[in-house]
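Scroll down for the structure; my scribbles are underneath it.
Every chain is named by a letter (A, B and C) in the order it is written, and numbering of its residues begins at 1.
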Amino acid sequence: MFISPIKRTLGAAAIAMCASTAAFAEDVELQFYFPVAVGGAAADTIQALTDEYVANNPSVKIDAVYAGSYQDTVAKVLTAARGGDAPQLSVILSVDMFTLLDEDLILPFDDFATTAEDKEWLNGFYPSFMENSRTGGKTYGIPFQRSTPVLYWNKEAFKEAGLDPNTPPATWEEMVSMGKKLVKKNASGEVERWGVRIPSSGFPYWLFQGLSTQNDVILANNDGNKTNFDDPKVVEALQYLVDLSGKYGVMAPGIIEWGSTPKAFFEGQTAMMWTTTGNLTNVRKNAPFDFGVGMLPANKRRGAPTGGGNFYMFKGSTDAELKAAFDFIKWITGPEQSAKWTIATGYVAPRPATWETDAMKAYTADFPPALVARDQLEYAVAELSTYENQRITRIFNDALEAAITGKKTPEEALKEAQQKADAILKAYR
Amino acid sequence: MTRRIEWVHAWLLLLPAMVFLFTFTHLPAVRTIIDSFFSTARGRRKSVFVGLENYQQLIDDPTFWKVLANNLWFALGTIPTSIAIALVMALWVNEKLAGRSFIRMAYFTPTVLPLIAVANIWLFFYTPGFGLFDQIATGLFDTGQHNFLGNPDTALAAVMVVTVWKEAGFFMIFYLAALQTIPPSLLEAARVEGAGRWTIFWRVVFPLLMPTTLFVSVNAVINSFRLVDHLFILTGGGPNNASSLLLFYIYETAFRFWDTAYAATLTVVLLVMLSLLAIGQFFLFDRKVHYK
Amino acid sequence: MIHASAIDRFLNTFGSWALALLWGLPLAFAIWTAIHPAEFEANFELLAPLTTVNFVKAWEAAPFARYFLNTFILVTLILACQFFLGTLAAFAFARFQFPGRGILFGLVLLQLLVMPDILIVENYQTMRFFNLVDTIPAIALPYIASGFGIFLLRQTFMTVPKELDEAARLEGASTLGLLWRVYVPLAKPTYLAYGLVSVSHHWNNFLWPLIITNSVETRPVTVGLSVFASTDSGTEWSVINAATLMTSAPLLIGFLLFQRQFVQSFMRAGIK
């Protein structure tokens, strides 16, 4: 060998350095699928973060693939996995955990978090986000692009109705009483502005889960094999939602479209709306009036669902690859990186540490409504998630829609939904 | 050329097309039927023969019956309407009316715009309150808000309107081409004999358009089972499946619920329906019309 | 028409214009929102300021150039294959006698009803078997042997006078030479008419590409548009409509320029 001792020492030192920062030494290539649900700029942010990681870890190559919607991404992963070519890591809906387990595709993070530092990292997420990430005592998902619904209100409309523009409704009763004052009718008695708007198209279960949680009931167990759709408290929550447009007349009747809700708010068609924190930037940019952002009102307790995507790691990769993937996930959910991501997209930073960074402090000082979502996390619960998740939520959505459109009573609709869900889930008990 | 060589030539000419037809139409159709007797494979469970279990599930599935009924209403609502409008359009465009090329263009534009994209435009039209239809309704008649898509009684009709809008202009082209091949002397002769416009249309023009009507109606039937793109944007099949169609339900079952076996069972129903309609259609129309 | 009275004529003109305005409304709305700022999406003020910002936003927010290229490749691939396979098969059905002709033609006609669009579940599994998921050929393959195309070309080939056929054979033309020199040139209007239908159909096709693609490199414009439009935040009509106009522009302009030829080719092709 003609390599001089000096070179050899340098080489060894370089390897040792790599090993100490990244805990692996050989070259690995990772495939990383991610969805984007908030417009194209988010994809650029993920790409930039990935590039930054690769620049600091030259032995790792990451092929970050923008796979489209959440739906596209899970389809792409399932297809690739069945073909024996699963990616090492991917961001997929947190509620798809049971589906991925059922397909026998994902690995628990606990197996990789071996050092004390790793374990500390694993325990450093908001507990409400971890509810959708753990089952059977193991952690299968790492919160990343997560959100929660909040209440937006039009301060000018509040003033016009003689309400304090800085105080949103804190309880269900207040939402009705304030809503009644906020409804504006024209000369011939037709409504020009509604009090509140809780969209119910496509995935009504999500916002409804705000109501059911506030009524102190959980929709599904932690094992993902039993739902509580016909619990009297769920029925009561649905009755309240139905009454908002029926009995109380503060919300438009029928199914309310999710996509046009922000526009209806901007156009002054509703004084309050429930929608995701992901709309913060949109509302900030486009609302032609002063608006407020608050927590959802409470009933028996405060409450809201969480939503969005988690990181998962997939079977079928080498140990070195998985180690690298784990290290990347740990890095990208670190305070500085996660702050960049939150500021760029409006997703809720999933770790308290992120909120302590200078970047986040500057951001929230400039735009305090961003803090509402964080403060609400204390009361938030897991998004409805079970085995055969899409099918079960579809059954539940159908029941909600049937009740909202007055085709069935809440009790009847939910009882049927529970029976259908039981028929499917009994195979998993 | 001897007969044997002619056979071989013909088969060779047919071979490439037939390979692809079989691979992507006939074999999948047969496999659909086979798969409907098996269970869906999941990661931890293999696919097994289950006999008629999927069909039992189908019969017990209220969503299936709802979607099937929707699809029949959808077919009944869109096929005759789009054909009738297409015919009227063609008759108008065939006359020398003022601004004919503009009119023709307006009728035809829906054909070149992707349904998935125009669905967003219709979504705005249908939006309660600030949507175009409600703005017009409040402006003219001072009525209240209409939630066309969010009401189970109107959602399917709203979806049907979009379909008719999309299809009529395309069918018009076929009628227009047919109208222009009718010899003017024939119409002249009828006129000389004192026939009125209605009589000429029903006695001369309409019968001559029969092959076109058959062709267009075959297309319309297929489309009534095939066109589901706008559902993705407009209603997602809701509220409570009020506007869902069979193919949309198949898509959901296969690619959202990942239950391919049940999706195959649903596809079998679709295949059976199309075959029945095909048979019915050929009986319904004059036998002189068919192509051979 | 000669006997049409003035009132009759007026009613027809009025009716046809009313229907035309109704039919053109969505496109008019798309243009309106695309060239005005977002706050005028629902406020139709005549003097609203004009802007190109929606087009810029749409162009920057999604890789439409790539989607465009994908659609272009897809449509070209499908059309070329449909012409090639369809011509050969149609010729066989039109001018050859052979065992199995009736059954095979029946199987071709069957595809007029049992279209690949309906067999999404099985075709997806086939593509997975061939390891073709998320490729452009996978979008194209189910459509390249088209029952409609074969049927149409057969009808046209059957109208070619036997004398021309025999004359060419006497000059010693081979089977393929005969097809290429006699039949194909005479069927030009059919190719044009069928080509236009095929291009506009596949340019706008959505469901199958949605299922079989899941990356920027393969996605056609329709799927790209739907990914772009379905965000968790609200629907931005101004930007979506700008994107719709951009992606439909080639077909729209194409039809504007060639609408007369389009109708004539249908007429001469005997599609009626």
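The rule is short, and it goes like this: a contact is a pair of C-beta atoms (placed from the backbone, for glycine too) under 8 Å apart; a residue touches a chain by one contact, two chains touch by 3 or more.
Not measured: the values here are computed from a predicted model.
Participant: Drawing the touching chains as a network, do you get a line, a ring, a star, a complete graph or other?
Facilitator: complete
Participant: Determine which of the two chain pairs, B-C or A-C, is joined by the larger number of C-beta pairs in contact.
Facilitator: Output for the comparison: B-C.
Participant: Return the distance between the CA-based centres of chain A and chain B, expressed in whole Å.
Facilitator: 38
Participant: Using the average of all C-alpha atoms in each chain as its centre, how far is it in Å between chain B and chain C?
Facilitator: Inter-chain centre distance comes to 15 Å.
Participant: How many angstrom between the C-alpha centroids of chain C and chain A?
Facilitator: Spacing between the chain centres: roughly 39 Å.
Participant: Hunt down the residues of chain B that sit against at least two other chains at once, touch-wise.
Facilitator: Each of 123-124, 130-131, 255 in chain B touches at least two other chains.
Participant: What positions in chain C touch 2 or more of the other chains?
Facilitator: Residues 41-42, 211, 230, 235, 237.
Participant: Which parts of chain A, given as residue numbers and ranges, touch two or more other chains?
Facilitator: As it turns out, chain A has residues touching two or more other chains at 75, 259-260, 263, 267.
Participant: Where on chain B is chain A touching in the complex?
Facilitator: So the residues of chain B touching chain A come out as 42-44, 63, 123-124, 127-131, 138, 142-145, 147, 149-152, 235-236, 238-242, 252, 255-259.
Participant: Under the stated contact criterion, what part of chain C meets chain B in this complex?
Facilitator: Listed in rising order, the residues are 1-4, 8, 12-13, 15-17, 19-21, 23-27, 29-30, 41-42, 84-86, 88-89, 91-93, 96-99, 101, 104, 107-108, 110-126, 141-142, 144-145, 147, 150-151, 155, 175, 200, 203-204, 206-207, 211, 221-222, 225-226, 229-230, 235, 237, 240-241, 243-244, 247-248, 251-252, 254-256, 259, 262-263, 266-267, 269, 271-272.
Participant: Please give the residue numbers of chain C that touch chain A in the complex, ascending.
Facilitator: 38-39, 41-42, 60-62, 128, 131, 133-134, 211, 214-216, 219, 223, 227-228, 230-235, 237
Participant: Using the touch definition up top, name the residues of chain B that touch chain C in the complex.
Facilitator: Going by the criterion above, the answer is residues 3, 6-7, 9-11, 13-14, 16-21, 23-29, 31-32, 35, 85, 88-89, 92-93, 95, 97-99, 101-118, 120-125, 130-132, 135, 165, 168-169, 173-178, 180-181, 191, 196-197, 209, 211-212, 215, 218, 221-222, 225-226, 228-229, 232-233, 247, 250-251, 254-255, 260, 263-264, 267, 270-271, 274-275, 277-278, 291.
Participant: What part of chain A is in contact with chain B in the complex they form?
Facilitator: Those in contact with chain B are residues 71, 75, 78, 99, 102-105, 186, 188, 190-191, 200-202, 252-257, 259-260, 263-264, 267, 269, 388, 390-391, 394, 397-399, 401-402, 404-405, 407.
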